[in-house]
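Okay, so chain A shows up in both of these, paired with chain B first and chain C after.
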Partner chain A sequence: MCAQKVELVKSIPKEKYNVKIWNGARAIAEAVKVADVDVISAYPIRPYTGIMNSLAQMLANGEFKAEIVIADSEHSQFEIVKHASATGARTFVGSSGVGLLYAFESVTATSLGSVPVVGVIGTRALDDPGNFGMEWTDVLTTRDLGWLISWPRDVQEATDMTLVAYRVAEDHRVLQPHFIAVDGAAITHVSMPVIPPSKEDLSEFLPPYDLPYKVDPEDGPVSKGMHIAPSLIGPEERKVIDVALKRSKEVIKEAWKDFEKYTGRRYSPFIEAKNMDDAEIALVGMGAYMKDIELVADMLRKEGIKIGTVRLRYLRPFPNEELVASLKNVKAAGIMEFDFSFGSPNGTGSLYHEVATSLYDMDNRPKLLDFLFLGGREPTTEHFKKAAEKVHELAKGKAAEKKAYWLTLRGEDI
Partner chain B sequence: MGIKMKKVPPINERYKEYEKLDWVVSHGVGVDHTADMTTFASVLAQAGYLKDIDSYYYMRYDDSPERNYLPMIFYNVFGNPKIPVLLHEEVEPIGNLFNTIVAFTSSVLIQKTSQRALLFDGAKPDAVLVVNTSLTPDEVLKLVKKYNLSKSWYGKIVTVRTSLIDRSPSFPLLGALAKGWEKIDIGSIYDALDLLGKENKKESVKKGFENATVKDVEVEIQNEKEVDEGIEIPEFNGKSWTPDIYYAYQKAASSAKNYSQRIAAMPRWEVLSSGLIEFGPKPGNKNIGFTTPWKFKRPILNREKCIDCKLCTYYCPNGAIDFTKIDFDYEYCTGCGICEKVCPTKAIELKGEVESVEGLKDEEVPVKRFESREYGF
Partner chain C sequence: MSETLLFNNIKKIPPEDYYTAGHRTCAGCGPALAYRLVAKAAGPNTIFIGPTGCMYVANAHQFLTSPYAVPWYHTQLGGGGAAAIGTAAALKALMDKGKRKMEDVNVIVFGGDGAMADIGLSGLSMGLSYNYKRLLYIVYDNESYANTGIQASSTTPWGATTTFTPEGRVNRIGNERLKKNMALIAAAHPGVKYVATATLHPPLDLMNKVVKGLNAGGPSLVHVLLPCPKGWFSEPSDTVQLGKLAVETGMWALWEYSDGNFKLNYKPNPRKHVKEYLKLQGRFSHLDPEDFDKIDKMVEEEWPYWEESNKRGKIVLPYEK
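Up next, the complex of A and B:
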């Protein structure tokens, strides 16, 4: 196990970091470089394209060596890394929106075949057509398939999360593929100061990729991801993946703890709760817009409203225990999400379903409202403020007229 | 090897409820028999319904192009609808299920592994076997006995050569079925044909009834009890997947005498590695797996024409042709016909399985050339 190899070292307080101003795409590409991947497959689609461009540029400049394959479609792109990873090569892949959905057959085969590919999805609205706004529905389609899914808040965290993703996915207790869902435009195309990851700091944190049974002629003939007969070995294969996802929680905790040792940057592994100690209401969400939501919460705090924010860093495995712990004293909470599930209970979104399911067994569970920001239209702080007010009213005892609000909608929200 | 083995019982309890029903199972070859088998099963279901028996039918394998020449199985069920349907994924029912087994071609009787297990492990002790063949019932019995039956059989064999009667084997086979199995009479089949607008096919059914040869059979299996005692599988010792454990399971599975034992020999999930790893054979060994479940033709070498160019060895996708001396390993040959194609001197010829195994001519064995395929892979 890689985690046990790691020895305790003191965090190195660096007086002066060599801070770079990078956009998300470039920063993630730098993390991929530090992870020293062997095979990259690429096919352009906004907003993921920036990552592949940066990687191609680095390879052209000779900054590191890797095999880069420009595939003929997303389907081939995901197939290439699946097979490369099974032979023992560390791989990187990524896509966005409908591109990811075109690759769906490979996406399922990668996770059900337990191949620890790491991919970055620049989230994008599903096409209707040509919509390049930010929406989470593309990644959420892969929610139930056995991929680990994490959601960074800013460029620095996206960079760090990419490195941690390799560590978690390749741990022998997990061995499942990992998506990092970076909010399209809001992270991929926003430049901000980034402390660059360095290979010297992280070489021990991220040991070389060591797959237990590689598809490699030198190790003798091995088949992986065999064709199966459902009556012979159906549920057993699924159970292996189920247990891997359950085990991944401890692996994630270990990995982020270790990451702090080597870099000095500290993250709470699953939940980032702000001002939740005395909060009466909470806004729950994921991703880049939590910056704005936290800003709104701070503004409302000054007005005397006891409000806190809860940011989920992982969607799979879902941190239900941590979420319950952070919301146990809250009277009402609002879920902020950028995805749809048309025709769902009360017209709510997928994240709402996850949160509501987690809270259901609590004795004094908070009341929930859902706020949907759809179609890629960008919400502003005004929208978030309005959402907080709705939740505040609900907490004060005023009955809500409905569960789900479309705050960016033009026209009557019925 | 250091792996402890333990004995486990076969898994067949779950079929007890279904044994109360009357079953007709029919076997054919995909594409060749798809339409005929659908007709057969629908007429039979209709006939059962007209006799006030609840009846339905379902199929395993569809007629999609990639299923060319794969076994096709239809189930006709008569009886209480309160018993739930056996679903499609219940591939190989086992126990005392089938009252009647209908083979659309006699070549299905000599197929290996799962399908043969299905034919005879799933049959009731008094099952009727209806075969579309030019063979006599005695010759069919010889074929059946060749593969160790797991239980005694006191039933009937009915043979009929449908190609002499009708282009579609389904109607003569319905007649033959009515002659061999007392639960369906020819009158209700006629009524069903009327209802389905196939009145003109009554003649074929009648001829099938008249031409069919029926013979009682009595096959006694002495060690029947032993078969049900179970199978030895590796004991779970808390360790997960290694080549040794894998080979032990593979050996256990290949020692299964019937399909229920084979299911019992599959590993529990804790043993599996992530990603379903299967190890290849050790150097110099061959895979013990189930390499060739389906084969309708096999290559025969004419040594006088063979110039020993080894092309067939190179092209064989299954490594079933020996290098030093050109020779076929029929355990691993899938009958794909590539060797025949590449042979420069036409020394290799594909022959029907029945013909090459028994030396008997069977006109119902599908012998389609690759060129004549309308679609497929």
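Up next, the complex of A and C:
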């Protein structure tokens, strides 16, 4: 733990908002309710389960109407929402860790069939051994499939992102499924003051779900997902999804702009860059631990180090231009990540590959280091400080001994 | 249900087809013939769900054609049970919330033995535990993974050769597992309203079982034995005849289980020896006359249980030892 004094967060005036103290699971359920979802499919696995528990209680209390189907597996869970969504129902689904991988076939067919399901993944380390800790590899396995993936920093943003996800996924320029990856425990199980979304504020923001060509006799004999001869329309089927993901960038920008109009809460759509105007080094990451990373950067600023932070809010579509713009003046950057890609170039994680690819064509691209926080062991501000120091040394011209550092590892980082 | 909904004779069969041209199934394909009858019986307000299998791959492909004149959506090989529940849940939610016109819409999964008895059994069981109306699971059982090149499934009968259970110098028999009884498994779900077995013969029996299942007021399943010339090494012209012989030799018992009441639909009398059925199929051509007798004895021993079930109106598990 750091010894420095931390500035307290200013309290939100009560008369202005009906603020609730909710954990992420409870708050996300509220967003699902406000979205007036029609079909929910649940299967238990920690840490995302609390979202479904909350929704089940809301339905039992009559707070809103939906069909909730308790599936026999995650594979069935994702099949259920895929087909419900294609029939014209707004859906909600979620999972964690190996649960998501159990559903993998269905997860793939959902995006390659362009069905705009919305799901929340409470990120979790994969088996074996069983591990309740937080890792991102579960969600990152889906990054190539055509799902939109956003990554909130805290409970409020997770709630807001859930609502925005419906708006973006269901937009006719996109019509692709959307994951919100919430860091397991750090968001799902941590409570904070939340301004609840309200149906009144958001009814215009989120129009009713209107799928062209539903699988419903009302829309005539639609045949969906027919087996094809690869030579006839194989590449075109894939191009449709490529175009949808490219188009989704403008839809995301519009959605967050509109979201501000209806709620007063302002978010930079793709990248949250802090102290980057004059920064010489940067720490780049996603999710809940960015709070701590930003805190460390603030402390180091006070020591005279010109450091900034860049938080990616979307992994898919990847905010290429925004990332390049934010890092164009830094000499070195550290990627902070909670996922592995064993045997990969330089032994780095997948986020490193994404960032490095994104920066490759820059004329003066920064040098990069990768910092891996694996196996669910929680990093502290000391680890983040250590990462910043390594990046600082690299920026000053000292050669790094390697690309990837396992900072939370006990024993030799060979 | 009202008897007026049933097809009393062949002239009552509607001329309209909802499973039409535009597929490229094999000549004499049993599942394709059944698809046509099932779709006719269900009528236009139907959504078909198609798990991967012959009735997925062979019903489309070369020219981007579709044989379905009603909505149809593919589901993954093991997804039939869940996909139907998703569809039915969506329709119910949309109707309950006033987002869609209230009306009866049938949801029918047309899944093969691999999709329903093997990889999708868990999802099917989940589906049978929910109480959505007008939800019918059809197990089209051609007794192998025929689309992938005739691999054994858990409904492949004893003694049949498949590419995963070939006959050879060491294994003289081929498939040594006993055929899984999907209708009995379905009947073990307390919320199930209607379960039946059927084949292509008699055709009205199959169509009426579809009508009964859809009108039963809850989840239902019809396990349909369907000859497959490709996998059974039989003549395409023998497909319907093989269905008839399966019933007449007692190898396929036609029964239905409606709201807790068991009824045997047909009792072969006298029962033909199973060799009448087996000798038309190349997949059994490696067996000796003694093997045919062994299969006939298995059938002989099973039948008293079906008759006892019929007498009591309750299912008596036929595989007691």
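Going forward, the second predicted complex is superposed on the first by the 399 of 414 C-alpha atoms of A that agree within 3 Å, B and C clash if a C-alpha of one lies under 4 Å from a C-alpha of the other, contacts with A are read in each partner's own complex, and residues count from 1 in each chain.
Note that contacts are C-beta pairs under 8 Å (C-beta built on N, C-alpha and C of every residue); 3 or more make two chains touch, one makes a residue touch a chain.
For clarity, every value in this text was computed on a predicted model and none was experimentally measured.
Q: Putting chain B and chain C on the same copy of chain A, do they fit or clash?
A: Superposition result for chain B and chain C: clash.
Q: Return first, second, both or neither, reflecting whether A:S114 touches chain B, chain C, both chains, or no partner chain.
A: The answer is first: A:S114 touches chain B but not chain C.
Q: Have a look at where A:P221 lands relative to chain B and chain C in the superposition and call it first, second, both or neither.
A: Both chain B and chain C are touched by A:P221.
Q: Which partner does A:Q156 reach: the first (chain B), the second (chain C), both, or neither?
A: neither
Q: Looking at A:V240 after the superposition, I want to know if it touches chain B, chain C, both of them or none. Which is it: first, second, both, neither?
A: In the superposed model, A:V240 contacts chain B only, not chain C.
Q: Quick one: chain B or chain C, who's touching more of chain A?
A: Touching more of chain A: C.
Q: Just chain B (first), just chain C (second), both, or neither: which does A:L232 touch?
A: In the superposition, A:L232 contacts both chain B and chain C.
Q: Looking at A:L175 after the superposition, I want to know if it touches chain B, chain C, both of them or none. Which is it: first, second, both, neither?
A: First partner only.
Q: Could you say whether A:S95 touches chain B, chain C, both of them, or neither, answering first, second, both or neither?
A: neither
Q: Taking the superposition as given, does A:T49 touch the first partner, chain B, the second, chain C, both, or neither?
A: neither
Q: Quick one: is A:P212 in contact with chain B, with chain C, with both, or with neither? Answer first, second, both or neither.
A: So A:P212 only meets chain B here.
Q: Looking only at the overlay on chain A, choose which of 75-83, 93-101, 129-137 or 147-155 in chain C hits chain B.
A: 147-155
Q: By the touch definition above, which chain A residues appear in both interfaces, chain B in one complex and chain C in the other?
A: 86, 113, 220-226, 228-229, 232-233
Q: Under the stated contact criterion, what part of chain C meets chain A in this complex?
A: Residues of chain C touching chain A: 44-47, 49, 56-57, 59-64, 66, 68-76, 78-79, 81-87, 89-94, 96-97, 99-101, 105, 122-123, 125-126, 130.
Q: Quick one: which bits of chain A touch chain B in the complex? Just the residue numbers, please.
A: Per the stated touch rule, the residues are 86, 113-115, 175-176, 212-213, 220-226, 228-237, 239-241, 243-244.
Q: Spell out the residues on chain A that touch chain C in their complex, using ranges where they run on.
A: Against chain C, the touching part of chain A is residues 38-39, 41, 65-67, 69, 71-73, 75-77, 79-89, 91, 105-106, 109, 113, 208, 214-229, 232-233.
Q: Note which residues of chain B are touching chain A in the complex, please.
A: Counting only chain B, the residues touching chain A are 89-92, 241, 243, 262-263, 266-269, 272-282.
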